[in-house]
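The letters A, B, C and D name the chains in turn, as written, and every chain counts its residues from 1.
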Amino acid sequence: MRKYEGLPREIIALRVSKEIEDNSYVNLGIGIPTLVSNWLEGRDVILQSEIGMLKTGSLAEGDAADQDLINASCQPVTEVEGSVYFDICESFAMIRGGHIDVTVMGAFQVNEAGDFASWMNPSRGLNGVGNIGGSMDLASGARKLFIAMEHTTREGTPKLVRELTYPATARKKVHKIFTDLAVLEVVPEGILLRELYPGLRIEDIQSVTEPKLLVAPDLKEIEL
Amino acid sequence: MRKYEGLPREIIALRVSKEIEDNSYVNLGIGIPTLVSNWLEGRDVILQSEIGMLKTGSLAEGDAADQDLINASCQPVTEVEGSVYFDICESFAMIRGGHIDVTVMGAFQVNEAGDFASWMNPSRGLNGVGNIGGSMDLASGARKLFIAMEHTTREGTPKLVRELTYPATARKKVHKIFTDLAVLEVVPEGILLRELYPGLRIEDIQSVTEPKLLVAPDLKEIEL
Amino acid sequence: MNKVVKDMREALSGLDYGATVAVGGFFAAGVPRLLLRALIEKEVKGLTLACGSGPLLGAKDELDALVENGQIRKIIDSYGLFRSASRGARHPLEQKVRSGEIEFEVYPMGTLSEKYRMAGAGIPASYIPVGIGSMVEQSVITNIEGKRKEREIRTIDGRTCVLEYALKPDFALVHAYSGDSEGNLRYRKTARNFNHVMAMAARVTVAEVENLAASGDLEPDSVHTPGIFVHRVIPVPRIAFEITNV
Amino acid sequence: MNKVVKDMREALSGLDYGATVAVGGFFAAGVPRLLLRALIEKEVKGLTLACGSGPLLGAKDELDALVENGQIRKIIDSYGLFRSASRGARHPLEQKVRSGEIEFEVYPMGTLSEKYRMAGAGIPASYIPVGIGSMVEQSVITNIEGKRKEREIRTIDGRTCVLEYALKPDFALVHAYSGDSEGNLRYRKTARNFNHVMAMAARVTVAEVENLAASGDLEPDSVHTPGIFVHRVIPVPRIAFEITNV
């Protein structure tokens, strides 16, 4: 399969950040989603970390690291003015209870229905177990769920698929998908291509995407 | 019906206090139970108040009253060394979750099975509603449930009955009953008379009690 | 995020006819008295007041006004009637409960606190082992016969339980001792009670705050209600009130 | 009430073969490392370690010892396997999970936190709308085929839910930053995580406490875990540890 050169991970994160409105509470998952925080500094957006923190600051470097202060990916982070800590049940009350405005997660696969898979790679051969973490809770409670991921695997296999071949995290939950090649929206009729990487054509995106894409009438280049 | 002179309310409370072991967490209901606290000073017993307080102190008099500090009966109380406040769900987690060692409540009626009625007086004619408060939660979660009450109504009607005529608070939950005339225990076979007011005979107690009493082999006068 | 509103009008904007409004407080402690007064002034009617343990008995002037103005359609509470029968009989609230003009729905206090928590935490229903053997087991307890919905009972792990559902208010009115502009709140002593869980539960939570702190002035490990649960903050003076018998 | 025990032996007394032991912490933060070391020294076997989110990945030396000593029969967690496949494959834990020598049961993190809370709050079961459309809906997720109990599904108010049950550990081992002799605890920053809810849940809760305060030294409005949930307190030094990738 052909593999296209697209946005670097940091720039996918930048594109996601532009989709987040001011005055939002946001939870960022592991991977590309974590990078979104770099683009939110100075914005009136509050990051929730499921370990039990509101207003999670940037990553802590060197001596700034505090062994009692990490994010949900086990990285030392910093406190900012107005940070608050709380216990895990309160944290998941926020998540499950629909108090988070935007959740950004990574995924192995997303399908046309807005189902996605992120929690288990069956090829690891662990007899049906894996790390769920907070992924299913976050997906279930999200008001808006964005997926930020590479458009294909390293080998060029599409991650936007007709049927999930990895175990699902949740069904019919994904609103928008941000990849290195495109910005897409899950609509009742399927996946709508809204923006694409400069220089690529619709056919190029389609060639690395399993389901037949719908195309927005106002299709444009990815806006940064 | 004959009405016997027995212990004053304060002394019923004293008798109850002797049944509470050191190192206990205790919740005291409205009425005679509240008076038990007067006899627990200096004892290693911690009072829980369902409004959200551990180590509830004595009633606050005059200027010591703080409008943000009341017990579950809406009386101003005091804070002591080591008092702790918490929210209502935590409070009822303690209660329903079985973390309270002893609960002392008042009652309109108790029957042989250990059922009791305390939350509603149907003669008020309120179309089936009344004040439940925390009574059912407390009864459900109590490890030991003591009832402290007058042996009869003011008119001499027995409150220890064969069948409840008032709506039940809970069933099969009462362990011991402390009245002005006797100390009784609910056992699988019925109600066991353990202690009686000095000068009264078994027949006297029986004459103001509906169910046939069992009598403890070591029956004695109420121990104070 | 600045959630401080400029006046009571803005604090209660959108709270309209027929709303279900959670009211914090446990008898006299922690009742949002100034928000209640604004509710009275607004003259909004058809209200369901979702209480925890008698905040209206603890704020009697406000209760009297709400009842007299005919603003209340329904009260949900665990302990919402006067303790004394004679006093109750004289009170307009009890008269309207008797006549069915006001619906009165009652739950065990801990069950009610969980109903709010379930709403806040996105849990539609739980099996709660409280009220078994009582009228709670048979139906929802209310003065309106037609509303006595049957309960679902089930024994789990040897404990017989009632299936209880989440109760999601449209608005919550809560009272806090201190709070910042982002809605982080702290309560004082037993005034905490139902305020935190109601803040979690409601679609729109309005907090009256005695001491408005700058963002960052509350100790991060000592906030009781994280600001995510609070939508509007209105600074109020500390007012004295009498703690009278309920 | 003085709940301070004299040594680790007393702290873990009664924690015997086959016990279910909740272990506080979220990856590296708030793990009761010194209690885990005492558990290793005690050489007690057949343990079910009920975790929240990978405290054993965050305390790898202790994990290695527990696995090598054959002390673990089962792990319950939401995120208990190494993130990296290659690293996981090399680790004795994953090898024993693969072989079925250690049972591994996994839940969504928020569901697991509620399972502990239900145990602490005396709520036998709740309907939770998480995991629908995933393997969670079909059965309990475990590496042991025979243990994949079917789940009960029900739609309430338009939300499809899984019936989840309380999980009551015999012991909870928790880590607090400060605490007094009556077991009142405070945690520091994100080290709070699962420690509070596990303290609520267990039959016997043992807290290792970095700073032992006199009774009354903790501010009454700022205690995180009221002492009623804590049965034993053991003062420990603050130890430094590395936060490494999980």
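A few remarks follow.
Note that in this section a residue touches a chain if its C-beta (ideal position, glycine included) is under 8 Å from a C-beta of that chain, and two chains touch if they have at least 3 such contacts.
Remember, predicted model here, so these are calculated numbers, not experimental data.
Shared contacts of chain A and chain C, meaning chains that touch the two of them, come down to D. Traced through touching neighbours, the fewest hops from chain A to chain B number 2. Interface comparison, A-D versus B-D: the pair with the greater number of contacting C-beta pairs is A-D. Using mean Cα coordinates as chain centres, the one most removed from chain D is B.
Taking each chain's centre as the mean of its C-alpha atoms, chain C lies 34 Å from chain D. Note: centroid distance chain B to chain C, computed from Cα atoms, is 28 Å. One finds 37 Å separating the Cα centroids of chain B and chain D. Each of the following residues of chain B touches two or more other chains: 79, 85-86, 89, 92, 95-96, 140-141. Touching of two or more other chains is recorded for residues 114, 117, 121-123, 128-129, 187-189, 192, 220-221, 224 of chain D.
Shown are all chain pairs that touch, namely A-C, A-D, B-C, B-D, C-D.
On the chain C side of its complex with chain A, the touching residues are 1, 117, 119-123, 180, 182, 184, 200, 215-216, 218, 220-221, 223, 226-229. Chain D meets chain A in the complex at residues 26-30, 52-54, 57-58, 78-81, 83, 85, 88-89, 94, 97-98, 100, 104-111, 113-114, 117, 128-136, 141-145, 148, 177, 187-197, 224, 240-241, 243-246.
Considering their complex, residues 30, 49-53, 65-72, 74-76, 79, 85-89, 91-92, 95-96, 115, 119, 121, 124-137, 140-141, 167-172 of chain A touch chain D.
Contact residues of chain A toward chain C in the complex are 23, 25, 44, 46, 48, 54, 79, 81-86, 89-90, 92-100, 140-141.
The residues of chain D lying in touch with chain C in their complex are 114, 118, 121-129, 156-157, 159, 161, 165-166, 186-189, 192, 219-222, 224.
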